């Protein structure tokens, strides 16, 4: 168990820099075990897998969260993460714009506004 | 206008091989203009843009359609397209599996079953 | 209570012809009360209200069910109903095509295929 | 009709305490009939049914609103209501965490943050 | 190309008055091409089509955005637009209330609150 | 790691009887690791937690999958599971019917039809 957690924490830091710790912190009062699952499963199990590079993984996540359109805070975290693992702003904007085709223009618009916020914060 | 359509048709063939024509064909009776929009906007405007390579574009689309979970026929078309533009089966499977984190296990499961169907057809 | 049910049943017949009875029939074994709620609330309370004509109500419903994309049987019932209350095939096709803007091309495509099935059955 | 409304209002008070009145109040200017439908149908017809205890009804609602992820105000009302009908904080947190499996981690995270807000308000 | 853009811009002004320009403005820094696509495709291609009057088009859009429930800013733009092309407040409220049947009461409630905000701003 | 898998497998058998093995089997060719994650995370981590009884967990899952409406196969598995852990048919039907309030009548209808299929198979 230790191993998955440590592997996940290292992967989360590689992807998210300091932002990952904020998620853990934010769950401390309400559901500390859930923070552990995020790290163990999402980052220790999934993101740590070979077979898909981190840039592609972040493009996939930015695409999905833009399309679903109901998780703006997490979309922003992953736009930040995408920059962090080497995606250019242009690649992120292209990914989000493409979602107009699959989830409609409002979803893409709201994704673009999230990207603008993240880019401005940097 | 001609230009967008021709550019879109060329892009669609590059991405989808023969499958693209089936979509056009399937709309002939009900909404022929809509087939034109698919080609002009989705492929002539969006997929033809520089700034994101086709492999990444297909990973984004496979991710989004898996996460949305309500467009299996189109997901299958894009799993096929992902293979066609150079994604490995492993990269596609990893992309779909990752959607468990963002859209839940049933969405990922149904995406994997769609991939299995496409891989078997080839 | 009687009143809402009778008003709903009359409205359902006005809108759906014979199709409404099939819904009631299909729920007889599993949840007969739910058939009553469909008639009382959806048709007796909502569709029976003044303030929006039946053609507009069916356009709203066809739009929403196309956009949501996870209730094809009910979408078909309402494409049929839209024809029944005086929408032309063209108006229905235009409504569905427009959903590409708000819910993406796959949702619109699947809505168009549903319309094609309903138009062919007639 | 009176009966459904009175039964619904009593049920709403049993479930929600004072919060239910706020919904009615909030609709007074824009759609007073809709407040009546909420009380008559949701509470007078559905929640008043035997066959499922109120605790289970609130767990079902918290689960669904967490999974759908696009109705945070209503999710908070029902987290409050769940506490009110006897669910423990732990049961609510477990219900929300479980939604990670069915609707993804962001939906569960946002549900947990909603629960934290409600728990802190009490 | 010019033609679609100009036709779209004219249609956007007819529908939205000054609001359309704000969308274009808001995208200038992050994705100016996307503003062009909104105008060319959504308004120049789709809304400019004959076969469905603008009132019906706005009812369809208000219905869909209420049902999807994850694009409140765009829903407000289209409630404003619906008024602008001749829908009465009552027709808009009826359209939104009807969405309770197809997307649930929370989606309809949140749509009604969006309408209240737009009506108050006028 | 072994522990989570074994705990998950035992929990899955307790909940699902033989059905769980079918999911594992169905993933063997396409993504065997994903079957492991289903067992380890969904059943070994989440369902195995104390703090919410299995009946309530299955009601939560049936509610969520009915509301999401895009995972009928998994909904059927969990209607079966709900029966298996002691929910009555009536409790399952009530849970699904209640989803009309939160996700609309079509979602509830399709959930009821799924329940009818599962009940008939037994």
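Residue numbering begins at 1 within each chain, and the chains themselves are lettered A, B, C, D, E and F in the order written.
Methods note: a contact is a pair of C-beta atoms (placed from the backbone, for glycine too) under 8 Å apart; a residue touches a chain by one contact, two chains touch by 3 or more.
Keep in mind the model is a prediction, meaning the values are calculated, not measured.
S.K.: If you walk from chain to touching chain, how few steps can bring you from chain D to chain F?
M.R.: Shortest path length, in steps: 1.
S.K.: Any idea what the CA-fit rotation angle from chain C to chain D is, to the nearest 5 degrees?
M.R.: 180
S.K.: What chain lies farthest away from chain A once each centre is taken as the mean of the Cα atoms?
M.R.: C
S.K.: Need the most distant chain from chain B, centre defined as the mean of C-alpha atoms.
M.R.: Here the answer is chain D, farthest from chain B.
S.K.: I'd like to know which pair from B-D, D-F or C-D copies the A-B interface, where a copy means over half of the contact pairs are the same by residue number.
M.R.: Matching pair: D-F.
S.K.: For chain C versus chain E, what separation do you get between their C-alpha means, in angstrom?
M.R.: Result: the chain centres lie 22 Å from each other.
S.K.: So the centre of each chain is just the mean of its C-alpha atoms; given that, what is the distance between chain B and chain E in Å?
M.R.: Their C-alpha centroids are separated by 28 Å.
S.K.: What parts of chain E, by residue number, touch at least two of the other chains?
M.R.: 33, 37, 41-42, 46, 49, 65, 67-71, 74, 93, 97, 99-107
S.K.: What is the shape of the graph in which nodes denote protein chains and edges denote touching chain pairs (line, ring, star, complete, other)?
M.R.: Shape = complete; every chain linked to every other.
S.K.: What part of chain E is in contact with chain B in the complex they form?
M.R.: Residues of chain E touching chain B: 1, 3-4, 33, 37, 41, 45-46, 49.
S.K.: Which bits of chain B are touching chain C when the two form their complex?
M.R.: Going by the criterion above, the answer is residues 23, 26-27, 29-31, 33-34, 37-38, 42, 65, 68-71, 73-74.
S.K.: For the complex, give me every residue of chain D touching chain A.
M.R.: 68-70, 93, 96-97, 100, 104-110, 112-113, 115-116, 119
S.K.: What part of chain C is in contact with chain A in the complex they form?
M.R.: Of all residues in chain C, those touching chain A are 67, 99-107.
S.K.: Across the complex, what residues on chain D touch chain F?
M.R.: The contact residues of chain D facing chain F are 41-42, 46-47, 49, 51-52, 55-57, 59-68, 71, 74, 90-91, 93-95, 97-103.
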